[in-house]
């Protein structure tokens, strides 16, 4: 039985992790912690967990002291707040899966430029692994520190990597990612703009040209391409709770058909349990509540462009589900354990 | 041209008032004020008003000094904050329409018991009028201080008054009002429970047995009945922005049919511009964006009960629209002026 | 391994059943059928099931021929369409859980009066059991034909039964059930009134005084009370996909407190896995995706009334989840098997 | 008083037109017609119009006979159904504003290729004017037959035209329009995919590479550029009723800043009543219920691209509002008449 500690359990990603681990046959939640709600029961903050997870929330300090008692530490804290936790967990020989951006970027300069924070655990960057199993499974196997990818980045990287790995398939100077996210992606914040009365029945773009997931996407697709790539990434907020729908545009360098692109996707992910290649169109609701990333493709022969649709649940494959997938890998469990059940709420 | 000053313009009711007066042929917004946003433009807080209302928001203090320049003062502040404004407006011989509960209750003891605040302008209670034109039009005509009714209360009182005025029609000991409101009714507050990610796709009851609109409903229906009446009032929050749907249950003392009840409603409101009596069923969307109160009725011959549905837009007939209706009356304008246009957003 | 056949798998209740059984450790979906979509893959109708349930949908006729191969037949068809299926299943010595109203009512006259259909399997009414485990667990154990309760009725009966079983606690002549349901409750129908553009952001009542769940509620609460009871039941449609919130009003005959009512609920359901008694307020989202029925209570000492809130997911405890709970009981499995996992989509 | 006849009044665009004209000071609705609902009252189909527009719906045939009695005919019918109406209206010397695509495309070959219909009034194409006042005001003034633009096209053309008119500002080979629309844009159709239970809380793309608004956008932006331009247009459906948000990407040929782009927009639309240039970000709710097109711009200096956000209400500036704007122009009224009032439902 894998003992898991969740530091930062009362954000949306943290609570989703609690939900998944509560149903995991080979893992158990050893402790949950929260800065804002320490001392209260988890089910007081998320009443849907009443009689399911009534554990008392530790403070972050108490959580640090409890690291010794667990096998895996999950940190779902804001960026820049888990440096010392990581050091402590590594020193104690524990495994750690971090939800923040603190260990995702290989180049500390890029991190400090985009996140405007000084990195206080540079020495750990060498040993961390970027936790996207579909790309880095072998490296994750032996890892102690896993940087769990962002939500937009997961949907984007899975789709774009497959294209850029095909030598000369697309013009890597014109990759545009127009992403649409549910509102849980903005977190559980006391923010007027996130109120139902404001965010409901409306769409907006944000962070145009400056969203911090941009360098993360560029890092990973550049590695896949074997050369530096810049992408245009624009996130939007939709009036829905869960889900990300990324629409990806790339100019084609070759005369290919939609079927050819599906072959490319098949080659890349045909054996992946959590990537589904759809001949029909994607809809975000098809993946909500699950750990799937759905992909569909269309070639526009008129404009010589390929348009890829990539969908995930931002809280599952985009956060907690992927974190458990990583936990399963580093703990030698079946990668899909605790993740195979589709939410029964669909449609 | 009626000069109107709006104190507390950046709440949802206040902003709706700005919207209505901006389109009013015989009124103009002389000033808008806000505690939280003084010094900013109204359209910075509500960008939909860009190029429509770009006035700079006064502080409450500046607004008080500006009372002298207007004909009508609208106060859309939290309860207990407009006592001195009312005194000043009355002293200056101005008209005032207040959105709070401060002048709605005739009995100061009831006010202080339910609102846990000491009333600091008791002397004004004698001269105030309860601003429900369908019941108190003649009194409103000459009034200087109009207490604009609450949203739930407007929907409830219009329906129940018609029933209780019919001698012996219903058993006044068993009146149950189950009301469903859109989320704007909870205001523009930094409150986790009002986030789209929390309030969306869910329903809840709140304030059971203790909601402050209860004594207001009881006061008005008791006057209509000519005897003291207690009602059971339970509000619910729905995942929608606007609208109130009140389902009202009363035991019948007479053998009457649905048609008989429609005659009762016809007699009560047949000539009212802003009350629509529907043979078909009400839906809250049918009144959203308008100043209408829609009513429909069904008699259950099996249980000898009448069920009335009453719908309003909580921000229009439940707040700003009714306030303008009151302004029109006290200023001698056509009661419907500026209120006849149905929102073109429907459906 | 329990072999289950699902007749009528493409309605919302049917597809939820597929979802639950797909994750059930001791059951498997032997076949799925559909009148409208026979010959197509289940995952073509519900693409979220791609790579999860790609079985080809049988026609109803083919499904009947396949009854012999399964242990349990689930029928999720419109009322009046499963009479011959039930006869065939019983003749073949199979277990059957029926989602329609055809076997819920003990009195065939009541059925024919409210459903305006002639009952064509009267002989089976004697052996059927009403499938509400919290009330009829022992009878269900040995049953072959289980009438799975309706959604509104499940939420209502669980709450009201506890009250009426307390000798003299409430005045059984004034029980009012004001229920609010998500739109999946209206089914997967080509109906303009169910379009997002119509049903979104709005509330309506329907079936006032005539909804067919009324006699079903009355039958069960009358049994619990040991005398005939009439209830006032009014359903409403809310702009949300899943969930039912029932607000139940009853006049008190005794001087009791909120705590006393909680004792009553504790005595009735304290040991029930799928009934959660909440001291805090219910919200429909707290049960969405789960098989729970949440209850909370408040006494209004001013009006001498008790108000109970009862919430379920209309598709889970109100349909497919309860059906699986019944299957578990009649097949001798752990009653909670396959039902313990809370949807990970929350909130 | 302009007499207007509305043929096809019960679609969402038609009903919005009824709503606007009902409030228009210098126009009146002479008749409304409907194929599906002829003989019923308009307010039976749209109950929100009860006591506002209770006119009986004519059949299309009756409507044709009534053309002689009106000044302006509005046709809001599916593509290909108003050819003979247009001939009749022109023969009778009437003005006509058509909502379909039948007269939008200059080249009949392009029409027949994209719409798979034979054009049956080719002779009228020479005299029609494309009804986008911000581009073709002078031509509209004298026109008899106005082709009212599509919703996606209005939002797209207004934004892109300004860019391409600037000699050498952008690379016209890489214009990508990623558009997000509310569900009313899919019409009032008995279509499972448009049900609240399906379309709610989800996003999808549709018509990738083949949407019929593509040639319309290309025709107009090519004229503005003075050369042939192809665009990549991808529409998406959002869980909201109203509004379009178009995100437009173009590669820059010059070193320009965000401010420079705002100068370009100012030059193009600074004097336009219904185009608002926002320094802040657009949100679709800011224009819902109004006839505005909101524009904002950002230059990504890292990627040398400009990203324009363009928002309209698909039913107002994208359909009925623009149609009334056109009517005002061709009838010599103030262009903004009946269109200046912002919906009071906001937010």
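Quick notes
Going in written order, the chains are labelled A, B, C and D, and every chain counts its residues from 1.
As a convention for this text, a contact is a pair of C-beta atoms (placed from the backbone, for glycine too) under 8 Å apart; a residue touches a chain by one contact, two chains touch by 3 or more.
If you're wondering where the values come from, they're calculated on a predicted model, not measured in any experiment.
Chain centres were defined as the mean of their Cα atoms; on that basis the chain farthest from chain B turns out to be A. When the C-beta contacts at A-D and at A-B are tallied, the pair with the greater total is A-D.
Per-chain CA centroids place chain B at a distance of 36 Å from chain D. Measuring from the averaged C-alpha position of chain A to that of chain D gives a distance of 39 Å. Chain B has its Cα centroid 46 Å from the Cα centroid of chain A. Residues of chain C in contact with at least two other chains: 12, 182, 184, 197-198, 200-201, 239-242, 283, 285, 288, 347. Against chain D, in their complex, chain A makes its touches with residues 174, 176, 178, 180, 182, 197-198, 200-206, 208-209, 230, 232, 234, 236, 238-243, 245, 247, 249, 251, 281-285, 288, 298-303, 305, 307, 309, 347. Those residues of chain D that touch chain B in the complex are listed here as 12, 15-16, 19-20, 22-23, 46-52, 184, 200-201, 241-242, 276, 278, 280, 283, 285-290, 294, 313, 315-316, 320-321, 340-347.
Remark: chain A residues 12, 182-184, 188-192, 194-201, 239-241 touch chain B in the complex.
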